[in-house]
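Both complexes shown next keep chain A, but they swap its partner, so chain B is in the first and chain C is in the second.
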Partner chain A sequence: MKSTNSNKLLKIFLYITLFTILAPMAILILWIFVGRWPWPNLLPATYSLRAIKEIFAPYSNVFSILFSSILLSLSVAILSAIIATITARALVLYDFIGKTVIEFLTIAPILVPGAVFAMGIHIVFIKLSLADTVLGVIIIHLIYTLPYTINIMKDLTESVGKQMEVQAYVLGASPLKSFIYITFPLLTPGIMASISMAYITSFSQYFITLLIGGGTVKSFNVLMVPFIAKGDRSLSSAYALVFIISTLLVFLIIDKIIKKLPYQDNKEEI
Partner chain B sequence: MELELKNISVTLSNKEILKSINLKVENGEFISLLGPSGCGKSTMLKTIAGIINQHEGSVILGGNIIDNIPPYKRKTVIVFQDFRLFPHMTVAENIGFPLKILGVNKNKCRERAIELLKKVKLVGYENRRVHEMSGGQIQRVALARAIAAEPTVLLLDEPFSSLDTNLRKDMRELVLELQKEYKITTILVTHDKEEALIMSDKIAFMYNGQIEQYTTPKNIFNNPANTIVADYFLEGTYIDGEIMDNRFLSELFNIDVNKNNGKYKCLIRPLAVRPFKSHVGEFLVINKIYQGDNYLLKLNSTIKDLTLESIVPDFTDIMEGDKVNVEIVKDKLIFIPM
Partner chain C sequence: MNKKTPYILIMPIVLLGVLFIFGVINGIVQSFGYIPAFDLTDITLDYYIEILNSPTFLDSLKTSLQISIISSILAVILGTILTAALVYTGHTEGKILQIIKLAIIIPHTIVALFLISILSQNGLIARLFYKLGWISSQGDFPLLLYTKNNFGIILGYIWKEIPFVAYFSLALMSSINKTLGEASENLGASKLKSFFYITLPLSMPAIGKAFLIILTFSFGAYDLPFLLGATMPKALPVQAHIEYIHPDLRHRPYAMAMNGLILIITWTMAGMYYLITTKKNKR
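Showing the complex of A and B:
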């Protein structure tokens, strides 16, 4: 009895969740084709292909900016995962002076309000002539994504521990080979999760990209947000759909890569 | 390869774990490090393998000091208590791993893995995943992998403690068989005295970071160096006394022995006590415990403050509450100098 009850509850919960995701999606797709939709009509008054034409128009550069934006965010994601893996390893497996301070600093960027933080960094970046450069944007995105990726990697590094690596040492593997053949494969689920997390965080940044990139570095968001701010719903919806589809595609590819990796087994053995 | 530890001291987080250890293991020998948990035996194993660095002393392997050689070049392979098979590899890949890192090609690694699987009696398991195997099978794979690394010294860290009793016996036999076949110098860490007595050429008894005694199983059992060693193998009752002119004098009995003069503790283990029924018996049977093949009797002296234990065959007619007298078997007494 109890199990069927909780099953029902689970189903209801599932449907509600599905509805809250799918309903706005449906409306979003509908909005792309709206010409005029005056209140209080239940359905649009006129339909048009203006938004689609606009997006595919050669002068709008949507897809070239989309690809460079994906490339930027992927670079950020991969760099972030690499730095996080190394940092987590240092924080979990080694003892050094100032460890707690550094541990705290790894979460600092998400404790400080984004705008305040970005203004400060902006001044520093101007001095370092990193403002208005792609490198600058990559660095600021890295700072933003690292708290998430480091925490993901810290948990996994803790659970993987050093045991397997030590076993590899005594079997004759040098520290480098032990890392490549043993630790790295065991950490891949976390690395992939970090990449996904960092990618979506980086790809959704608007304000800091605009501020540090100064308009010379165009990300997809920098392109899309003005239309939303202007209240052009059709065009905003079209952009949003491109955003969603591109992100889903990237995630699908990451997922495919994970599945290609050697089988991961986290069962406790006795 | 022969292994020697000279004055090894290890301090971990300000606690002295090993205190100036000296130990020599001959080539092809099987020795056990026996002792209660926390005595430092696992630390010693890790020091030999180079995972823990000693603060003083040297590890000498095959005549060469290896203090500055990193673990992965020592070929001192540890089989850990939790076996540590690599979960992302198949059984064959696990066994082939030590060869793979030496640059041996894939097919040869696999060939050797299959060959070693035969040795550990796991034919046909090469493509299995670690999580599809039982504890005993995992251990066999761990053993095969260690042998694949062609160890200079094989270090076994309580490898049988997680197995059930029947499996343990098979595994002990298998380990000994392989150790003899490949003539691998082997050090077994264990807290199981039976295991140490059965398997080893020599036993090093460790207590509190020191080696209390290092000798053959027979010797350590029959001539323990002190009460700590004696009690670890088999507890009994101690009688204080003195040996003068080859005669042990105590308040319970006087007996001829061939030892130097001095004060001694005489350990009376259960097998040294032979009770027989007597109406004028000096001892009362207060407890009779069934132990499978035999009974353990607890005997209380009616005259002195003394309790003896005795092991008697299961067909004994002595019952709880009976009065008995005891005969002490002289050969089974153990004299420990005070």
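Showing the complex of A and C:
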């Protein structure tokens, strides 16, 4: 009796949570089409396409900035996944001098808030001519995605281990070949999870992009925030929806790519 | 294989790590008033002493601590319940988990927009209260955004962090429940008892780590308090940035000293977490 009751409570809690996540999304979509919504109406008085027209207007540059912002975050994501894969490999499969230092380095950014670090490194970036450049933004985003991607890759590398690869090596394959054909396919789920994780971390950054990018590097979030701060709810809702849909699309494409990878077939043979 | 291999593999992380440490140290050096580029060359603790005596800073510190402690405690409790709900109702994958993930991909800037359209004095909840006759005008609805109580900011963090805690600890709790939790039930423990005595304690490493991450994040984050905070007092990172962009460049060390104190507090939080977890392991 008791356990079915607590299960029911858990179910109710779950549904309340789902409602709290989805309800603001519904309100956001409604706001895009609001013309006038005077107090105290529960529904808008008039509807308009102003926000949609504004977003698609050529002068607003929304989609070119969206595109370059996606490209920037994808670059961060792919670099982060590559660095995470090789760092995890070194940490899990090898012993070397300074291992604990590297292990500490991989979690250190979690202990230094992005805003604090960005203000500290800004002057260095100015001296190195990295401030106000795409490369500078990529580097700082990379630093803040690596703790998460390395964590994912370390767990996976530990569970995949080295045995399979060593077998291929013993049977005469070159080390590089045995990595590419044996270990890499086994690591692809983690690599894709790392790419998704790093992508969303990078695409969501506001302050550090603004400070290091100096307004020259416009990410989509940097473009959107002034509308939220100004309180133009229709327009900022339209921007927010573009943000969310584009992220979901990128994730969908990443998902499709994993399924298309030739390695997926090989995996079954293994 | 080759002895050099690990050193080649760690090259990128070492490069980025050196840059990272250099950035942190550079900020700390500036907080002691050493910025030759601005003709500041005396190394001193004065900036720290001055801000520790300034009421503006102390109010900011209180605001940030209040925001991060309240939101993180509530989020970790509710997030653990959500994790349990997902595990015990068998939704550890599938559509419901996708919706939870949706909250993770939504950035804090958009969360601010949600809160503005729902919680402001002409927002949806105020309108609902008016229709229900609970308030007679917009002004009767309590101010929840841009005010000292920081209600909106705290709620925003909770909204983002409950799904994060669940996502972070789901794998561990679900595997423990599958093995040890169900075993203890088979041996006759009630579901509730096996949860509180077996599954929850063994899931604590993940839950504790999630708590540390959200606690330090909400203490040092800029975006949400920047968009929804009161004019006075501002959250620490926002206040530090105001000093940072002060037209008089000699104000820079004040910003850096504030950042230094944010670091000290963040590291204290992490140190306490470390002490508590290692103590537990020893027992």
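Quick note on the criterion: the second predicted complex is superposed on the first by the 243 of 270 C-alpha atoms of A that agree within 3 Å, B and C clash if a C-alpha of one lies under 4 Å from a C-alpha of the other, contacts with A are read in each partner's own complex, and residues count from 1 in each chain.
Definition applied: contacts are C-beta pairs under 8 Å (C-beta built on N, C-alpha and C of every residue); 3 or more make two chains touch, one makes a residue touch a chain.
Since the structure is predicted, the reported quantities are computational estimates derived from the model, not experimental observations.
Once the two complexes are laid over each other on the shared chain, residue contacts for A:F96 go to chain C alone; chain B is not touched.
Looking at the shared chain after the overlay, A:L14 reaches chain C, while chain B stays out of its contact range. Which of chain B and chain C touches more residues of chain A is settled by the count: it is C.
Of the two partner chains, chain C is the only one that A:A108 touches; chain B does not reach it. Look at A:I182: by the touch rule set out above, it reaches chain B but stays clear of chain C.
Taken together, the two complexes place residues 169, 175 of chain A in contact with chain B and also with chain C.
Interface residues of chain A, counted against chain C in their complex, comprise 2-3, 6-7, 10-11, 13-14, 17-18, 20-22, 24-25, 27-28, 31, 39-42, 83, 86-87, 89-90, 94-96, 102, 105-106, 108-117, 119-121, 123-124, 139, 142-143, 146, 150, 169, 175, 200, 203-204, 206-207, 221, 224-225, 228-229, 231, 233, 236-237, 240, 243-244, 247-248, 251. Touching chain A in their complex are the following residues of chain C: 1-2, 5-7, 9-10, 12-14, 16-17, 19-24, 26-28, 30, 35, 37, 81-82, 84-86, 88-89, 91, 96, 99-100, 102-110, 112-114, 116-118, 122, 124, 126-128, 130-131, 138, 159, 162-163, 190-192, 213, 216-217, 219-223, 226-227, 237, 240-241, 244, 255-256, 259, 262-263, 266-267, 270. Contact residues on chain A toward chain B in their complex (touch as defined above): 163-164, 166-175, 177-178, 181-182, 185-186, 262-267, 269-270. Every residue of chain B that touches chain A in the complex is listed here, in rising order: 49, 51, 70-78, 80, 82-89, 97-98, 100-102, 129-131, 135, 138, 145-146, 149, 155, 162.
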